[in-house]
Amino acid sequence: MLSRKMKIAALCALVIIVMAFAMPAGAQSRREIKIPDVPGYRVLKFDLHMHTVFSDGKVWPTIRVQEAWREGLDGISITDHIEYVPFKKDIPVNYNRPYEIALPEAEKLGILLIRGAEITREMPPGHINALFLEDVDKLNTEKWDDAVKAAFDQKAFIFWNHPGWKGQQPDGKSRWYDEHTIMLEKGWMHGIEMVNEFEYYADAHQWSLEKIRTMVGNSDVHDPIAMAYDPVKGEHRPLTLILAKEKTLESVKEALFAGRTVVYWKNDLMGKAEHLSPIFNQSVAIEKTTVEIKPKGRAYFQIRNISEIEYELELAGSVADFDAPKTLTIPAERTVVFYLRSLKEDAKGQVKPDLPYVVKNLKTAPDAGLPVTFPVTVNFIAAE
Amino acid sequence: MLSRKMKIAALCALVIIVMAFAMPAGAQSRREIKIPDVPGYRVLKFDLHMHTVFSDGKVWPTIRVQEAWREGLDGISITDHIEYVPFKKDIPVNYNRPYEIALPEAEKLGILLIRGAEITREMPPGHINALFLEDVDKLNTEKWDDAVKAAFDQKAFIFWNHPGWKGQQPDGKSRWYDEHTIMLEKGWMHGIEMVNEFEYYADAHQWSLEKIRTMVGNSDVHDPIAMAYDPVKGEHRPLTLILAKEKTLESVKEALFAGRTVVYWKNDLMGKAEHLSPIFNQSVAIEKTTVEIKPKGRAYFQIRNISEIEYELELAGSVADFDAPKTLTIPAERTVVFYLRSLKEDAKGQVKPDLPYVVKNLKTAPDAGLPVTFPVTVNFIAAE
Amino acid sequence: MLSRKMKIAALCALVIIVMAFAMPAGAQSRREIKIPDVPGYRVLKFDLHMHTVFSDGKVWPTIRVQEAWREGLDGISITDHIEYVPFKKDIPVNYNRPYEIALPEAEKLGILLIRGAEITREMPPGHINALFLEDVDKLNTEKWDDAVKAAFDQKAFIFWNHPGWKGQQPDGKSRWYDEHTIMLEKGWMHGIEMVNEFEYYADAHQWSLEKIRTMVGNSDVHDPIAMAYDPVKGEHRPLTLILAKEKTLESVKEALFAGRTVVYWKNDLMGKAEHLSPIFNQSVAIEKTTVEIKPKGRAYFQIRNISEIEYELELAGSVADFDAPKTLTIPAERTVVFYLRSLKEDAKGQVKPDLPYVVKNLKTAPDAGLPVTFPVTVNFIAAE
Amino acid sequence: MLSRKMKIAALCALVIIVMAFAMPAGAQSRREIKIPDVPGYRVLKFDLHMHTVFSDGKVWPTIRVQEAWREGLDGISITDHIEYVPFKKDIPVNYNRPYEIALPEAEKLGILLIRGAEITREMPPGHINALFLEDVDKLNTEKWDDAVKAAFDQKAFIFWNHPGWKGQQPDGKSRWYDEHTIMLEKGWMHGIEMVNEFEYYADAHQWSLEKIRTMVGNSDVHDPIAMAYDPVKGEHRPLTLILAKEKTLESVKEALFAGRTVVYWKNDLMGKAEHLSPIFNQSVAIEKTTVEIKPKGRAYFQIRNISEIEYELELAGSVADFDAPKTLTIPAERTVVFYLRSLKEDAKGQVKPDLPYVVKNLKTAPDAGLPVTFPVTVNFIAAE
């Protein structure tokens, strides 16, 4: 006869097997994030900052992987706090466990998992994320700079989190302290989190343009993701888009250190023009580029947007002899129609005006949109 | 100068305060479940079966309370497994902790929290939930009947979980064993779970009509609730509706022992006719009950449904001298229009036909809908 | 043998009968607009400006009734243009036909139908709607003032349409001309349309406060309604809410002349404080009004909003000895939780602070929200 | 001084110009139908049966074009009734007008517009659509066969509409009469409408396999499209997918006569296997086709579906040495994960099982799904 222990063990094995089978297929589906790849690079979708019950998050580590897979992410880093472990009475501190627990699920689902941690200090220097760690335990030090150095010594990618977080800067203003200068000078600050959850830090955005190579934007999620971002309203978490040569951890690390990132927050993409331009160009296409019109007539064009970003364009200059729309909104995954009106009575032959716009929600700086040009071709025909 | 420990403690306090303030109001909103109260009773919405990281669930106990509040529930019971504790390597076993951790959140949000547990044995007798416990530890016994007795001795409300669960009955068939006869005879089985997650057990439904006083239906949720039931599709977890005199734990316990429950699963309500009838009557109203028509003409009526249940009606008999719709679907929170056609050429005066229907998705037994009658009044006027 | 004509007639009769039966019940359902009635008045939902194929609209008149019924309106006025009839080559002009065609459908569905028309002149005086006409033909006059007088002589309710419409005021600015003074002085201008389709006219709003009794806001819809307001995004047409004693045309007319209206546009209600206040009070309720807290502790409250308006509140003053939320958003058909924090260390006994807020989207003037007060009760208990 | 007429004319011109400009860009957007093209053919989306106010429809002809453009269609045919013109009292009969009115809008928006009409007779032969007409007037004849011959003489594509329509066959059963044999023998029946609005005719489906070259499925819409198919629920009208060499009317006509069509109804595609197979193959892809597993382990695969069809697969045979999922649901525009379980203890090396499924909602006959095979590659590694 089986002992009680053995019976329970057998039962547990059965339970585990059955539960895996019982998983409803419908619930287990992944929606791709519709932001296209660009020439030369995959545009990988990452969230580089999140928590589990191993610090002050509210979910088991495997959930972070499953959430990421469902939402169309390519990878994540679980970055539990080192210094702030409020559930330690119930869950003994074990810094490397979240990664270890989440890894098999990540391998099963094809999610790239980066071993990370959040150094959690008073401001300055505040909170700091370290990714690609080998041993998180080494970051548990008395002094903040020893912790950062321990990350640096593991060749980690290190970024300053939420510089203007109201938890440490009640007025919401980001401030640069001596400690940050030290980090920068020692090569300890590779990136800066200019978007965290529902906050955007314009100063951090500016600093990234001036002195910090890599912009990141992350969810810092603690609750189940659907409690923080309402799927019914179509809300999404902030993401760091990484322009990587391929979908591997090595490629991702190379791209992060090289600064090939774009922050995706609400309906904005923020990054360098060289990265935003190809994303826009791969997203939209003018469907008819040659039309015949009469002088003083109208030429109709259609623009199709295959991405999930709604592009908001503003006319940035004038178009000789034509009246062009002052603003153009191209909704996500939709096609819109607009027209040019010819202003010249004796227009004839073929004309190829360039339409100059600025895409307001593709931001190359806190207050600057991305300039783009649509080349179109118009063939005039004689008026009846 | 502060020690590092004190600094961290101060930091933590700050973090906690700020996080509470930073909670976005929008994300923290509750949607009421639109199933109306009935004369004499509140219709309280409960989920009596769910898990946390303290057994094999994937969320922290406070999440279960927040999910319940958001979804419009009045109360829950967290029922972690006694015998199956797969995370014990990371989270030492502590049966009473989920309740202790969740209670302050429940008090803050006005959610009734029942201390519960799941006795998790091989079939027979399978899994058994015990609610209103005083000390869960006492249920950790060698033999299954000692565990159930320990619950009974604490005056717990005890029900048999998912009798046909594929994890224990691979063919999905519910089977009644001697152990269940023993439980019934000793007064240890007050209820039966005829709906669990995505499964409905018709045999359990039938047994409840014959010999078990109280029907329950629950989610048995392990993941964050929005991973199991897609809010975008409007899916909801199974619920036990409890017809209680007031919204207190005492009232809920009284109602459970008295068998005043209705199971809400997908678009079905299952229970006794005496409980389903008033819910239907409080949900729908004929908006116009008197109309003037010509002989062989049509009389139009509107029916408004204020509940979130879509009612599916089928004509159950004939209406003398009138042609009435064979089927009527009254969508959730909508009004529909239909007409009676008079078949009699010399109709005159006032006629008050009763329209006999069966509500197919209000189930009084596995294959029986609830009979209802609409009284309407028609006044004939002379044909022009 | 039947002639071809008779056969066709028989066929047509059959087709009509069958089509009526074949109408899918689900598609024919009505959603109520969730803005509650107020003490003494029904809050009726009207759209007083719309078009059909009998002027430049794109739908048959019955469609306007069906759209209204589905969207939860209580009544409409079809107001086709008198002077602008672009389809007259295909549809001979017949000003009274839209009403005649729509009336049987309105009676069937219980929609109040007002016979109306739009006097369509150059600015000044621009476009003018006249409601409750007896004979629309009489408004077809050479001079604009004869047309308005013809309406006035039929005791019509007359209002100035879209004063700042870009079709007549390309800069979008409303301008008051002598013609409007004439109309006002002769008693020919009972109302002013401060919202039309996607435009809001702040000047018109101001004029209505100063000299024009009745505010109206309407869709002026030409296309099928779902082409103009996207149901997937939950958009709704502008409406004139009419506080009428009962749901009859007489009551509606009395209320319009008495100025008991509120304009519902996007998420704003605009009207007089005496009408907005009871709507707010019937919409929201504080669910817990008495709580026990410790000195320097927190008291939690829940506010439930049964209306479809999302209320946006801003603290308008301070609350002695308490810290109250600066802003409160109460989403449509949701409950939110918030807390007061006691600031006094030696607080004791019962305290009844009044919480002073302004509801920003209930507008009593172009830049003024509605002041409201929440009375709450707090009972202090001794700190442990 | 301008005469009144001239003033009105000037006003009208202004109104027209302004209205065109005022058209909100957001409302004017097009959603593509996500059913991919196949090797050699565009998969064009057509609705070949609909009505306007010129027979018994409820909208102006331009609306049919705009609705089609918004919903992602490539083309339509407006097919107003010849014999049934209930609005003729208000709109004098003019059979060619709907096409003439709709054409400029179609050219502007790039919608292919086919001149069509519906011959509307008693059963037999019932209703018959004729497309690619040159002059609709010629179909207005005393006898039904003269009308069909008039269409045939114009080289029209002719199909029998809704053979089992309850308006003519109250029991919903399709019946084949001598008149249909005549049509078939004379070459007057090129297609059959096996789906009309909410009805599917299995007999018509069977006849199309046996003797009628082309299957069509259409909306027969009379109301504004969003009143018939609820966009909030994601409903879509029935469509005829046409596999054409290019997007031109000539190509469409060639494809219709050649029988290269697929009917898209609810979540079903119905057609010949040679057309359904490439659509499925272009829609789905297995994302990982090579994996390493241990003997008796699991190999995980992901399948991505880029189409808007939810594919429902059923295992159609067994897979040697592996346990494969009995059913697979691949939701629209989603990726799902599934696993094979190896059943062999001594498995080693590379194995390439074929997974045989039937796609239940790709129908090659009323009761037959499309057989498909997934080739996968599994590499065994030694067990630890």
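For reference, chains read A, B, C and D in written order, and residue numbers begin at 1 within each chain.
The working rule: a residue touches a chain if its C-beta (ideal position, glycine included) is under 8 Å from a C-beta of that chain, and two chains touch if they have at least 3 such contacts.
None of the values given here were measured: they were computed from a predicted structure.
Counting C-beta pairs in contact, the pair that comes out ahead of the other among B-C and A-B is A-B.
Centre to centre, using the average C-alpha position, chain A and chain B are separated by 39 Å. Put simply, the C-alpha centre of chain B and that of chain C have 38 angstrom between them. Contact of a single residue of chain B with at least two other chains is seen at positions 26.
Taken chain by chain, the contacts form a single closed ring in which each chain touches exactly two others.
Per the touch definition, chain C reaches chain B in the complex via residues 25-26, 28-32, 69, 108-110, 287-288, 300, 302, 304, 325, 327-329, 331, 333-338. Interface of chain B with chain A (complex): residues 4, 7-8, 10-12, 14-16, 18-19, 21-22, 24, 26-27, 53, 56-60, 62-63, 66-67, 70, 83-84, 86-87, 90-92, 94, 97, 101, 120-122, 142, 166-168, 198, 222-228, 230-232.
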